[in-house]
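Here come two complexes built around subunit A, the first alongside subunit B, the second alongside subunit C.
Now for the complex of A and B:
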């Protein structure tokens, strides 16, 4: 019934589509409706509202689909991220956690996503990286960036272009596995000189919340220095070291392995946070689109009703004028 | 009608994600401890209006201090990139394939950092022995009778096919003999080493 009414309505306004200025009709909002009432048709056009409703409905469809995609990706990656959480813990238990270590060459590894529309996770990691950069750059220390992901690059390249050492993108094109991440970690180790690597990422907590985190990986020389001079990792000296020719060789292997393990977890956690953030962002935008659609439908129906009433009045008053 | 359907779909999807989250979220920070005080101090000076980022130690369950008496069990964490094979399980002994030779770890072992080579890892608990073949990695033994074993890849020994091992071994031996460049030689040598370790783990 309602559909039939709408169709009739559509037929009635069909000549309006081919009105003298159709482009204007699409561009303009509701206000200049009088302009379009040419050719003796005295009613208010609903064409604009209908077009708007259509586009809002399409946007809603897209955001809903994106939400569903993000949800299914999230489920797959969440399990993997949570399984990888055991990997870094032995290193933290052994070497402790040293975000405040004072070294000469600092490298900040910022992990961000390649694609946008995922809330604030990229700007959060960029903000954290900038602050870490400020903390660690001084007259006798230097601080460089290594950036993973397109979005972090876009934000950091604006103001700290000279400090960027290495940029890697399209990380998530292939399935994220340990081999891939360790190749990537190897690339960073080969191309960048560092005393301390500070990895900035978003740790996944739940679909709507993620925790910005920084993990620190020290170079083998610094590990040795800190363990000897009663530094931050004091009890490493009490450990016996098996394998390898010298202690420094084992420590070198250990540091490299630690970096790849921490990176693996960090990349997975960040990918997981990305999907979660995208899911909630897309959910709220489809809800907004729904609200907008409700408002537009109301306007549309009201206008339609008004035009019908006007026409009825015209007919009745015309008839009564003839009678009288 | 459609909007309601969508709404129903959404409520269902959120409830499922919540159940998943509950299932796995045991590890995320439980206490609000501030971590490294010096770091937080430095952070507050530079960025007073952003919260300092978390650091890994805040997500970790604190480990117990070194007990005064010798504990009877060894607490083992055996982790792989894609799974935590053993997590805080109490066992009698583990034997790890260190680069210097097989190393048995009992409760009260001296603190050690050991590099691992491809070989057999066995976990003894009572009469029960679980055997894994691991690729390589590290083992840490702490003074509080905690042992952490990290490996890149591990498979239970009973899932290895002896025929395939023999085939791989002969293949890589052939490759080693015909290798011309250093890189090829090194790759073939690794293949031979891994397969002969597999072979000896299966037969021994």
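Now for the complex of A and C:
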């Protein structure tokens, strides 16, 4: 039995066996330890710990790779997001962004990601959408959802199923471009009645900070009403509107164009935030896996040394029993 | 007194500097804009934007959008814009021919409208190049 144990461990214990004198002292202290471990625990526990280490190491490699992929995707899309920021600013300067506008029909457009493992950005978007919904649903106002992205859909479909008008997923399968988003915007404008559209997305401030933001786009009738009432949009009246038969036709074109520009920017910013959040989530994942691996290595070494000691005890007690 | 012109598309900023005068085509005709123009917000048609810097005229092909003019600041937001120097004459001519062929083959109202738009876009690009000479 001792030789089989030796072969299993692949170590040489011959020099130790030949000097029985110090062993008697060790035997008394280690005997309780042997009892604690119990039967059949010796080399099997190292196997278990080793398996665990292997799987944690694999996970660490995967999360490291995911982090690098997210970093490269972020670089590509960040440039485009920054270029598209200049597009909606003239609209806001002209028409204003008034989230406090009081309208009857609100539509909340929630932009979320399709894939998971991206930190908490989808949950924050959904939380804000729900809050907006609560604020804006009263006795004579109604509030509907339009959802872009699988993760938002999964969360909102559970409790607000009857309020959802339109769901669109898998936006990022094809390369995101303005034509695609303008078709989407067209879809929404045709199928959903609204007085005000509130787009909820995560704005990309930097690689570690993503701010949930809402952008408000008003329908042309409301724009006319607000501009006549004065206030922030009152400046619109100082501009003479040309091009097209009537002022309302131009305003409608303007509102539609504004919506598609704002949507384009929102979708790009959300995609940036998704990649950034995934990068930091995978980074902390890899670090956690590294910590776990350190702890498991310590446990493994302790288990290994304990099993060696048990073997030693067995051999030596066997040897001393033989001697007499 | 110079005008500050900004031409923006969803993908990038095409032009952002000072000019002396521009000629813009809108739905209701072409308008010329000089410094101290009255504030105006207008829809821009698929057509050519002419820019004058000192005594030289530059052409740009615009594919529809909006323009806001006020306080000597002009902001033009379009779906797409190309400077005439960036357009390849051969390729523009080919696109024009393809668009014409598509229009002839188009059936049904929707296809005809789309083919018409494509044709106008192609024509604008060709005009932008030829206009210089």
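Operating definition for what follows: the second predicted complex is superposed on the first by the 265 of 324 C-alpha atoms of A that agree within 3 Å, B and C clash if a C-alpha of one lies under 4 Å from a C-alpha of the other, contacts with A are read in each partner's own complex, and residues count from 1 in each chain.
One rule holds for everything that comes next: contacts are C-beta pairs under 8 Å (C-beta built on N, C-alpha and C of every residue); 3 or more make two chains touch, one makes a residue touch a chain.
Everything numeric here is computed off the predicted structure, so don't read it as measured data.
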Exercise. Based on the superposition on subunit A, does the combination of subunit B and subunit C result in a clash or a fit?
Worked result: clash
Exercise. Once the shared chain is lined up, is A:100 touching subunit B (first), subunit C (second), both, or neither of them?
Worked result: first
Problem set entry | Which superposed partner A:301 touches (first subunit B, second subunit C, both, neither) | neither
For this session: Considering only the touch criterion stated at the top, classify A:123 as touching first (subunit B), second (subunit C), both, or neither.
Result: neither
Problem set entry | Contact breadth on subunit A, by residue count: subunit C or subunit B | B
For this session: Could you tell me if A:200 is touching subunit B, subunit C, both of them or neither one (first, second, both, neither)?
Result: first
For this session: Would you tell me the residues on subunit A in contact with subunit B in one complex that are also in contact with subunit C in the other?
Result: 80, 83-84, 86-87, 90, 94, 177-178, 238-244, 250, 253-254, 257, 261, 264
Seminar exercise, completed: subunit B partner, complex, touching residues on subunit A are 64, 71, 74-75, 78-80, 82-90, 92-94, 96-100, 127-128, 131, 134-135, 177-178, 200, 203, 205-207, 211-216, 235, 238-244, 250, 253-254, 257, 261-262, 264, 283, 286, 290
For this session: Enumerate the contact residues on subunit C facing subunit A in the complex.
Result: 6, 8-13, 26-28, 31, 38-45, 65-66, 68, 70, 75, 77, 79
Exercise. What residues of subunit A sit close enough to touch subunit C in their complex?
Worked result: 80, 83-84, 86-87, 90-91, 94, 177-178, 182, 236, 238-244, 250, 253-254, 257, 261, 264
Seminar exercise, completed: Within their complex, subunit B touches subunit A through residues 3, 6, 10, 13-14, 17, 20-21, 24-25, 27-29, 35-36, 38-39, 42-43, 46-47, 50-51, 53-57, 59-60, 63, 77, 79-84, 87, 98-100, 103, 110-116, 137-138, 140, 142-143, 146, 148, 150, 152
